[in-house]
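Take a look at the structure below.
In order of appearance the chains are A, B, C and D, and numbering begins at 1 in each one.
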Amino acid sequence: MRCGRAGANQFVPGVDPVLIDDLVAANRILANEKVLDGFGHVSVRDPRNPNRYLISRSVAPALVTANDILEADLDSNLIDAKGRSSYKERFIHGEIYKVRPDVHAIIHSHSPTLVPFSVTKYPLKPILHNAAFLGAGPPVFEIRNAGGATNLLVETAPLGKAIAQTLGKAQIVLMRGHGATVVGPNVRLATFWAIYAEVNARQLAQAIAIGGPITFIEGEEQKLTHENMATAYERPWQMWKRDALQQK
Amino acid sequence: MRCGRAGANQFVPGVDPVLIDDLVAANRILANEKVLDGFGHVSVRDPRNPNRYLISRSVAPALVTANDILEADLDSNLIDAKGRSSYKERFIHGEIYKVRPDVHAIIHSHSPTLVPFSVTKYPLKPILHNAAFLGAGPPVFEIRNAGGATNLLVETAPLGKAIAQTLGKAQIVLMRGHGATVVGPNVRLATFWAIYAEVNARQLAQAIAIGGPITFIEGEEQKLTHENMATAYERPWQMWKRDALQQK
Amino acid sequence: MRCGRAGANQFVPGVDPVLIDDLVAANRILANEKVLDGFGHVSVRDPRNPNRYLISRSVAPALVTANDILEADLDSNLIDAKGRSSYKERFIHGEIYKVRPDVHAIIHSHSPTLVPFSVTKYPLKPILHNAAFLGAGPPVFEIRNAGGATNLLVETAPLGKAIAQTLGKAQIVLMRGHGATVVGPNVRLATFWAIYAEVNARQLAQAIAIGGPITFIEGEEQKLTHENMATAYERPWQMWKRDALQQK
Amino acid sequence: MRCGRAGANQFVPGVDPVLIDDLVAANRILANEKVLDGFGHVSVRDPRNPNRYLISRSVAPALVTANDILEADLDSNLIDAKGRSSYKERFIHGEIYKVRPDVHAIIHSHSPTLVPFSVTKYPLKPILHNAAFLGAGPPVFEIRNAGGATNLLVETAPLGKAIAQTLGKAQIVLMRGHGATVVGPNVRLATFWAIYAEVNARQLAQAIAIGGPITFIEGEEQKLTHENMATAYERPWQMWKRDALQQK
C-alpha cells in the first residue's frame, strides 16, 4: 500500500487530502479493474471553487500519485502550470462541468467492452441491477457529426462542448471508436458506474450470443433500482481500493 | 495467510471455530474465484440452534474476517446487534432456512455468467460433470411476479419467502437481472456448487456459440453423477482456500 | 520457488529425482495455466520398470509435492500403499500404459474449453501451428457407449480399457461432459500438448464466431508441423515452470 | 524490478544500454500482456550499423535478460556466436530489415486473437482509435503460396523474403495459422502497435458477435488517427514496463 497514500500534495495546496486520496484511488482502481488502460483520466470538481477541477498530469492512471494532481479552470487552462502538462483531452472534463452543476466527478475511459457497443447499433441497456443507471441505453457520441474527419480525440473546446451536449442529462456517453465518459455526483459513485457499465456490457454481449429474447431492467423497475444502487458504492469501493493499492 | 485465520470471534461466542473459519474461507474463496463481486453474502445455520444462522456484517466478501460474523434468527433479526448491521437482503437466508431443514449453508451471488442466463430463456443445464447438480436447469426467480416493480433486491420477508418458494427443492435458483442463490448441506459443498455453476455457464455459452446439438448430462446419468460429485468437494476446497488466503 | 522443488521422495525410493521434479512441475504448470482445476492428474511411466507408473496421491494438482508421488502397477494397484490412496480414475493411466508402449506420460484434465467441444459436433482441428498434433481432430470418448448410465468417471478397469481403445494411436482423446486425456513420450511434451489443445480450442471457438470458411492445418502441412513442434517444448517449459513455481 | 535491468551486456559490447534495456523490456512487456507466449521474438536494428540487428538467444521472451542479447547480420548470421544460438525464425527479422530501411524494430508473435483472424476472411480493420495503424486491415501471409507444404515456420531466407514481400509497406502482417509480425520505427512504438492489434482483434470479435453494421475507422479519419497515435506510446510504455518488471 506504499504508493497509493495521498500524503501532501504540493501543487494544489489546501485541498482536502481525503479528496486527493479518493482521486488517486479512483485512478488506481479503474486501472486495476481494467476499465482504464494506459490512457484515460479521472477528475473531481474542486469543492472550494466550482469553477475549477482537479486532474492528474499526463501519466498512466495506474501510476498516478497525489503529487501528480494539478488544477484547471473550466476552460481547461492549468493553474500555476509551471511547465507541467495534463491530458490533451481534458476539455471533456471542463466543458461537462460547465453545463452540469450536479456533476462533481468525471471518468474518461477506453473501457474494453464499451468499444464494441460504441461501433454497433445494439443499445447498451441494463440487464444487471448494479448497472440500472444505464437506463434506456447511453447516448453515443459520433465525433464525425461534431468535427468531420478527426483523430478521434476530444482535444478542443468545441469538441468538448459537443460531447457535453450529447451526454445531456445522462450519467454516461459512449464515444464511437474510442470508449466512454462517465459522470457522477462524487468520484466513488462515478467509479462504481464506470465498473458496472463494463460488467453489464460483457454480460449483455454474452446474453446476445446465448440468444434472445432478453429481459432488460426497464420502466419503474429501472427507476427504483437506479435510485437504490446510487447509494450502494461504499461496500465495493473498500474492496476495490484494497485490491488496487495492495497490488503494486 | 495472515488475514484469513479464524481466531476468536467476539460476537458469536461458543461457535465451533472451524465453522467460523469455513464461513470466512467461503467468502474469500468465492471472491477470489470471481463468483462474488463486492456484494453477495454467505451464511451457515448455527449447529447449536437450527433457528439461527451466522452471516457477516455488511462488508465485501473479500474483506470478511472472523470478527465480522454476526448471528440472526430466522426472521433475520440480528442477535445482540449493538448497532452493527448486516446485509439488507439477509431475508434470502432466513426464509430459506425456515422451509428447507436440509439446508445448512446459503450463498447469494452476482455470479457473472449466471446473469446472462437469468435474462434469457436458454436453460442452464449441465454439460460438465462437476455441475451435474444443475439437473434439468435451475428455476428462475422473476421478482416482478412476486413484487411488481421493485429495486430488484430481496430486502423484505415476503420477497424472501417468494424466492424460497421458487427455489423449491432445488440447490440453486437464478434471480433475473441479479444473480443466483445456491444452498447446500454444508458450506464447502455449497461453495463447490456455486463455483461449478459459473464454470458450467461459461462452458455452455461457448457450446451454444460453437453450435448444437449439445449433449447434456441427463436422466439416470445426471442422478449418478450428481450423487457422486456431492462427495467430491474436499480436494478443490483445499486448493481454493490456499489460493484465496495466500493471495491477500 | 519454495514448494516446487523435488528433494527426496520417501515413498518411491530410487527414482531419478529429475523425473519426480518434472512430474511435480507438470502438475503445478497445468494448474497455473488453468488446464487443470482442483481435479485432474498427471502420471509418468517408471523408467526402471515399464509395468509401473508414478502418480500423486489424491490431492489437487496445484498442491502436489514430491512426497505425494506414489507408484502403481498397470492394473492400477498401488505399491506399498500403507493406507495412502490415489485418484479413483487412475485406471485411465494404467490401461493406456498397457496398450501404448510409446506412451511415457499421461495427463487427465477438465481443460475448460475442451468441454464445449466434447459436447458438440464441431471437430477440434488445429488452426494454430503449436497445436498441429490435433491432426484431423481428436476422437471423443462417449462413456454411454462403454458403460451406459454412469457417474461419468473412469473408475473401473473396463472403462479404462474403453478409453484406451477410443484413444487408439492418437495423442489426445476428448471425454464427453468431462474433459480430455493427453498422452506423450515424456511429461514435458505431454504438458505442451495439453496446454496448446486448450489454446487452440479457445482460438477455434473465436474463429467459428467470426465466421467461416476456416483454414485448418491439414495434410502434409499438418504432418510436417506436428513433427517439428514435437521438438519445441523446452523453451516454453522453462517459462511455465518459472511462472508456476514462483507464484506460490 | 530485479530481473529487468539491463546492466552490462557482455556479448554486444558498446551498444547503448538504454536500447538493450528497451529491448529486454519489450520482451517482458509483450509476455506480460499475453501478446507473446513462450515463443515469439523481438529485435532492434543496431543504431551503429544498419546492416545488423540485436535479438535474444533462443529463450522464452518472459525470461530474456540483457546478457541474452546477441547480434546478427541481415542474412541472419550470428556475429561471434561462439556456440550460442538464436531463434530459427530470425530470417523474418533480417529479410524485413533489408527491404524496409524505415524499420528499426520487429516483433514476431503468436498473439492469441490474431490467430483466428489469420484463418478466417474477416478483415482486421480498426474499431478502436489506438489501433488505427491497422488501416484497411493487414495483409495475410499464406505460407502455402510461398513454400507449399511446410512446417509453418519462417526458417529460411526465401521464406523471410516472402513474408517481407507480403508485408510490403504495412506495419503488420498476419501469418496464417501462426500469428503476426509487427514492425516499427522504434521498439516502444512497435510494442504499442502489437498490443493494440490484439486489443482491437478482441473488440472486433465482440462487435461481430453483437451484430453489424460496424463503424470502422476509415479514410481521412484513419489517417489522422494513425498519425496522432504514432506519438502516443510513451504514457502506456511506462505503465507496461512497471507492470512487467515488477511482476517477476
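Going forward, a residue touches a chain if its C-beta (ideal position, glycine included) is under 8 Å from a C-beta of that chain, and two chains touch if they have at least 3 such contacts.
Predicted model, so just to flag it, every value in this text is computed and none were measured.
Student: So if I look at the partners of chain A and the partners of chain D, which chains show up in both lists?
Tutor: none
Student: Between chain B and chain A, is it the same set of residue numbers doing the touching on each side, over half shared, or a different set?
Tutor: Homomeric contact, different residues on each side for the most part.
Student: What is the chain whose Cα centroid lies farthest from the Cα centroid of chain C?
Tutor: Measuring from the centre of chain C, the most distant chain centre belongs to A.
Student: Between chain A and chain C, what distance separates the C-alpha centroids? Give it in angstrom.
Tutor: Whole-Å distance between the two chain centres: 45.
Student: With centres defined as the mean C-alpha position, give me the chain B-chain C separation in Å.
Tutor: Distance between chain centres: 32 Å.
Student: Can you list the chain D residues in contact with two or more other chains?
Tutor: 209
Student: Mind pulling up the chain D residues that touch chain C in the complex?
Tutor: Listed in rising order, the residues are 31, 37-39, 58-60, 62-63, 110, 112-113, 115-117, 119-122, 144, 149-153, 176-178, 205, 208-209, 248.
Student: Mind pulling up the chain B residues that touch chain C in the complex?
Tutor: Listed in rising order, the residues of chain B that touch chain C are 126-130, 132, 199, 202-204, 206-207, 209-217, 219-221, 224-225, 227-229, 232, 235-240, 242-243, 246.
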